[in-house]
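Two complexes, one shared chain (subunit A), two partners (subunit B, subunit C).
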Partner chain A sequence: MSRQIVMTIDGRKITSREGEKLLWVALENDIYIPHLCAIKGQNKPFAGCRLCFVEVEGILQPVTACTQPVKAGMSVKTRTPAVDRLVRTAFELILSDHRLNCSRCSKNGSCQLRKIARERGLRLGLERLKPLPEKGQIDDSPRTFVFDPSRCVLCGRCVWADRQVAGVGAIGFSHRGIQRRVTTFAVRNLAESGCIECGLCVEACPVGALFFKEGKPGGKSLTDSI
Partner chain B sequence: MDAALRKRAYAKLRSGAMEALKFLDEKPVVRVGTATCGKAAGALLIRDAFQEEINSKGIDARVVEVGCMGHCYAEPMAIISKPGFTPLCYGNLDEGLVKRLVEDFLLQDDPCYEFAMAALEPNDIFPTFQDFPRGVYEEKIILEYCGLIDPEEIDYYIAWGGYSALDKVLHMDPREVLQIVKASNLRGRGGAGFPAGIKWDVARKAGDGMKYVICNGDEGDPGAFMDRNILESNPHQVIEGMIICAYCVGASQGYIYIRSEYQQAIRRVKKAVRQAREKGLLGDFILGSDFCFDLHVFPGAGAFVCGEGTALVSSMEGGMGIPQYRPPELALSGYLGKPTVLNNVKTFCYIPHIIQKGTKWFKEIGTPGSPGTAVFALAGKIAAPGLVEVPMGTTLRQLIYDVGGGIPGDKKLKAVQIGGPSGGCLPGEALDLPVDFDSLKESGAMMGSGGIIVLNEDDCMVRMARFFLGFTQQESCGKCTFCRLGTRHMLQILDAVTRGEGDMDSLRVLRELAEDVKAGSLCNLGKTAPNPVLTTLKYFFHEYEAHIKEKRCPSLMCPNLIAYFIEPAKCSKLCNVCVGSCPVEAIYTRDDGLKAINQEKCVKCDNCLKTCPPEYSAVIKVSPPDLVREKEREMG
Partner chain C sequence: MEKDAVIKNTREILKNHTAKPRNLIPVLHDLQEKFGYLPQPAMEEVAAALGIPAVDVYGIATFFNGFRLNPPGRHQIQVCMGTACYMAGGQIALDSFERRLKIRAGETTPDGEFSLEQAACVGCCSLAPVVVVDTFVEGKVTPTRVDGLLLSLGVAPEKQENRSSKKDN
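Presenting the complex of A and B:
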């Protein structure tokens, strides 16, 4: 697994360990690939946000970088017409289900959606689609943070942080399809759930769905660190 | 145990089974088809009626429950065999007919040919099913014994030669078995058509540890009922195929994952597993060999997406039924992270036949790329709906006009929806397409589970696309962006089109979304969900255009784009039926005694059109709805 290999991304020669996931190899080398749900070190990538598409030579269709292990001699392009088209649609789809009210959002400065728009020159708005109805009610019952489901992009990072990192298990996914949501057991308020307010889920949230009541604490967000 | 003894183990089983079923040749037997489809048509009443009549007349005869023969249009059905007579099949039974059959046929010797459908054996008097128009095309391999054997009694299957393939395999090296399956080029019948042999090979080579064999019986397509029928009619065929697979890949545990709505299938398969275990065909040292394998039934988790392999495995492990990205393929890391062979019900069913009759026989059936037969559930606007098994490569024309008896009424065929929500709508021009895995994929549809829905001129293709997309949209697990949100937006656009609110630009967005959802989704549910939309856009674009540009539904189906109108020239003063049938009192009597519809009030329930007596047929539908005003003006 730890064999060093050489590969190219966007024409740049890059050395990496064989079997590493392409997304992290690219990010480590300052090559940006849009992503929301990816978590470094996760054994089985979630692969749900469908933003990290790249083209790999020899594979007909674009593939998600978070699931693609790197191999010696691999040649990757992060920007092709096919990739850009998928990213643009996925991004617009996510925005259609995300309450866009950036000026009033406390994650304004660190929001991954804004970063994607900036990096890829995409509009932070809807061009082809109509916004979907807003979902859920704001839960401000915790002492330190707030959950706003209308901004949630269902990336699953908070659920992972709650279960795998904190080992608490206060939140999880429920329902199917368009009804899918992050919720507590029996849809209780977070304050009445098993939540211990460790704040890890808030740090894991790439958008403004979970945010601290007293603003962003000291720029130490998990999203920034990976 | 040495080979001779082992050989005797099966021979003993077989002779025991034949002994137990001796009565089949000795006394009259009534076989009533009580698969779920038969039951829905009243088969249980028929079964009880036969039993009561036989008891009350004091006849020495047996009533046996069997599965389904695939003639849905003739349910409830029964086969009566009596020594000295050719066994005959009777359809559309009712209690009166049962009484008559018992009195005339069982008590006396009149087989009541006037009520018979077909004979089961060739004879000089009465035609058999093979003499039916569909009989010419049908080639039954895995459906052969469905409807003939009692699925709850293992002796039937064994007496007909069942488990002999297993016996044969146990004397072979597993590698030989794999060679046979590979050489047969058997392709998975779940829909995608992945070669079973290659899957088995991967699992076989994946070390010596724990391995699993799982049968996917989570059939969820609207209009598909092949797997249910097989599980209910001949469960041992699936079990035998699975044991052979397990022997080949070195698995010791298997599961049959059956959709939880299929209660009867679950019950029958559970019983079959228990009986197989009692006979030494499952469990430790199968048929006296040193091979051990056991099976359990796993009732499904109640979601369409659980038919997707990774979601199925996740739901078995106790997680949510939500797909994972692949690779790793299940054959390498499946259930509990162990190598797992997951095949469809039908795929396993072919295995015993291929082992017994050889790869050459199998490859002579069907097309070179897709050998064997295909099982289709024919439904929709077709004269004889039912379950048919035909060689791969049979054309849609043969399937619809020869096997299915064509389109009823004077209607014209418009399209064929094939492959369920993952498949597509093919136009009339595609009728000469030979149906196999590759040809369908090329046309934009796919084999899917094998549901074929025939559509005629009364079916609106936009609504059809909307129906299937509505299904997948609802069944999406919601994990990935494209499937969760993409199908939602597509559905909203289609909804607008059926209401006449769309514009041509929305069709462009629809197509772009459809293509992107197909390319970008995580699992095969999302990757195939746009197929009904893409194929209708490809073949029936003019219908979309008519909805948008003319606000007209060419098939007079979309409620917002039609209006009901009573033609004064045809309406009668002497009739009041439509007035009474209208739930919103929209129909009134004009001064001249004829009826008319208040368009403002009309809710387009279709009642007046249905109830208007055929001698008048005065109610018509028009589209666009404005036509009514024109017509009213014409009439003065």
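Presenting the complex of A and C:
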């Protein structure tokens, strides 16, 4: 796994460790590939956001960079008409389930959706799709943070943080298809759900669905206390 | 059923299965057979027994159409959402029931009289859109027919003034 290999991304020669996922290799080398759900070091990537598509020479269809291990001599293109088309549609599908009110959103400056739109020249709005009906109500029961389901893009990062990092299991996915949502058991308030308010899910959220009530309280102390 | 009785029955059912997460769905099937739906205390008991978060049990229970989260009503109304019924206006029939009974599909009226569900295909597509009330099959259902069906089940018709006041809302 640790063998050093040489490969090309967008015509640039890049040295990396064999078996590393392509997305992280590209990002380490300052080649931006849009991504929302990816978590570095995850054994089995969620691969749900469908934003990190790239084309690899020798593979007929575009592949998701977060699941693609790098190999020696691999040649990758991050921008092709096929990739751009897939990413544009995936991005609009995500936006159709994300209530856009950026000016009133505390993640305005750090939102991954805004970053993707900026990097790829995509419109931060809907052209072909209608917005999905909003599901669920804002839950501000925790002392330190708020969950606004209307902004949730179902990337699963908070669920991962809740399970794999915090080891709590207060939140998860429920329902199916267009009804899919992140929720607690029987849609209880977070405060009554076994949530320990560690704030890890809030830090994992790439958009403004989970946000701290007053910035990030107490610097790093919240995460250090676990 | 009382909460204690639910938990007691749930523990009985859990005895028939090894406490492994892979047995979650068989356990939920047994619970639904016993109670007619999946009571919340039962789901929490199962989660604790199988060593998984309760929200995962909830996630599975809401993922599959076969599981109910509410007790079935005295009258069970199924609105067919198969391809033919869907195209012929099944959604309109469902909307009418939802509006009249003031519940959503998958729910039960607070008085326990009616539960409303979507069905995949009842098998008589030529009658689309089809509604099944308990065992009675009704074809070519229109919103007016929904009113008629509910009237036959003892639900008083909507007052005329309610309809005209819709505009103001």
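The working rule: the second predicted complex is superposed on the first by the 215 of 226 C-alpha atoms of A that agree within 3 Å, B and C clash if a C-alpha of one lies under 4 Å from a C-alpha of the other, contacts with A are read in each partner's own complex, and residues count from 1 in each chain.
Keep this in mind: a contact is a pair of C-beta atoms (placed from the backbone, for glycine too) under 8 Å apart; a residue touches a chain by one contact, two chains touch by 3 or more.
Being a predicted model, the structure only gives us computed values, none of them experimental.
Legend: residue contacts after superposition of the two complexes on their common chain; A:196 is shown touching neither subunit B nor subunit C. After overlaying the two complexes on the shared chain, residue contacts for A:94 are found with subunit B alone; subunit C is out of touch.
In the superposed model, A:61 lies in contact with subunit B only, and not with subunit C.
Legend: residue contacts after superposition of the two complexes on their common chain; A:185 is shown touching subunit C, with no touch to subunit B. The larger set of touched subunit A residues comes from B, when the choice is between subunit B and subunit C. By the touch criterion stated above, A:132 is placed in contact with subunit B alone, subunit C being left untouched. Once the two complexes are overlaid on the shared chain, A:173 sits against subunit B and subunit C alike. According to the touch criterion, the shared surface of subunit A, contacted by subunit B in one complex and subunit C in the other, consists of residues 173, 175-176. Residues of subunit B that touch subunit A in their complex: 303, 305, 320, 324-325, 473-482, 484-486, 488-489, 492, 509, 512-513, 516, 519-522.
Those residues of subunit A lying in contact with subunit B across their complex are 44-51, 53, 61-62, 64, 67, 82, 85-86, 89-90, 93-94, 96-97, 128-130, 132, 154, 173, 175-180.
Subunit A makes touch with subunit C in their complex at residues 163, 168-176, 183-186, 193-194. In the complex of the two chains, the subunit C residues touching subunit A come out as 40, 43-44, 47, 52-59, 62-64, 69.
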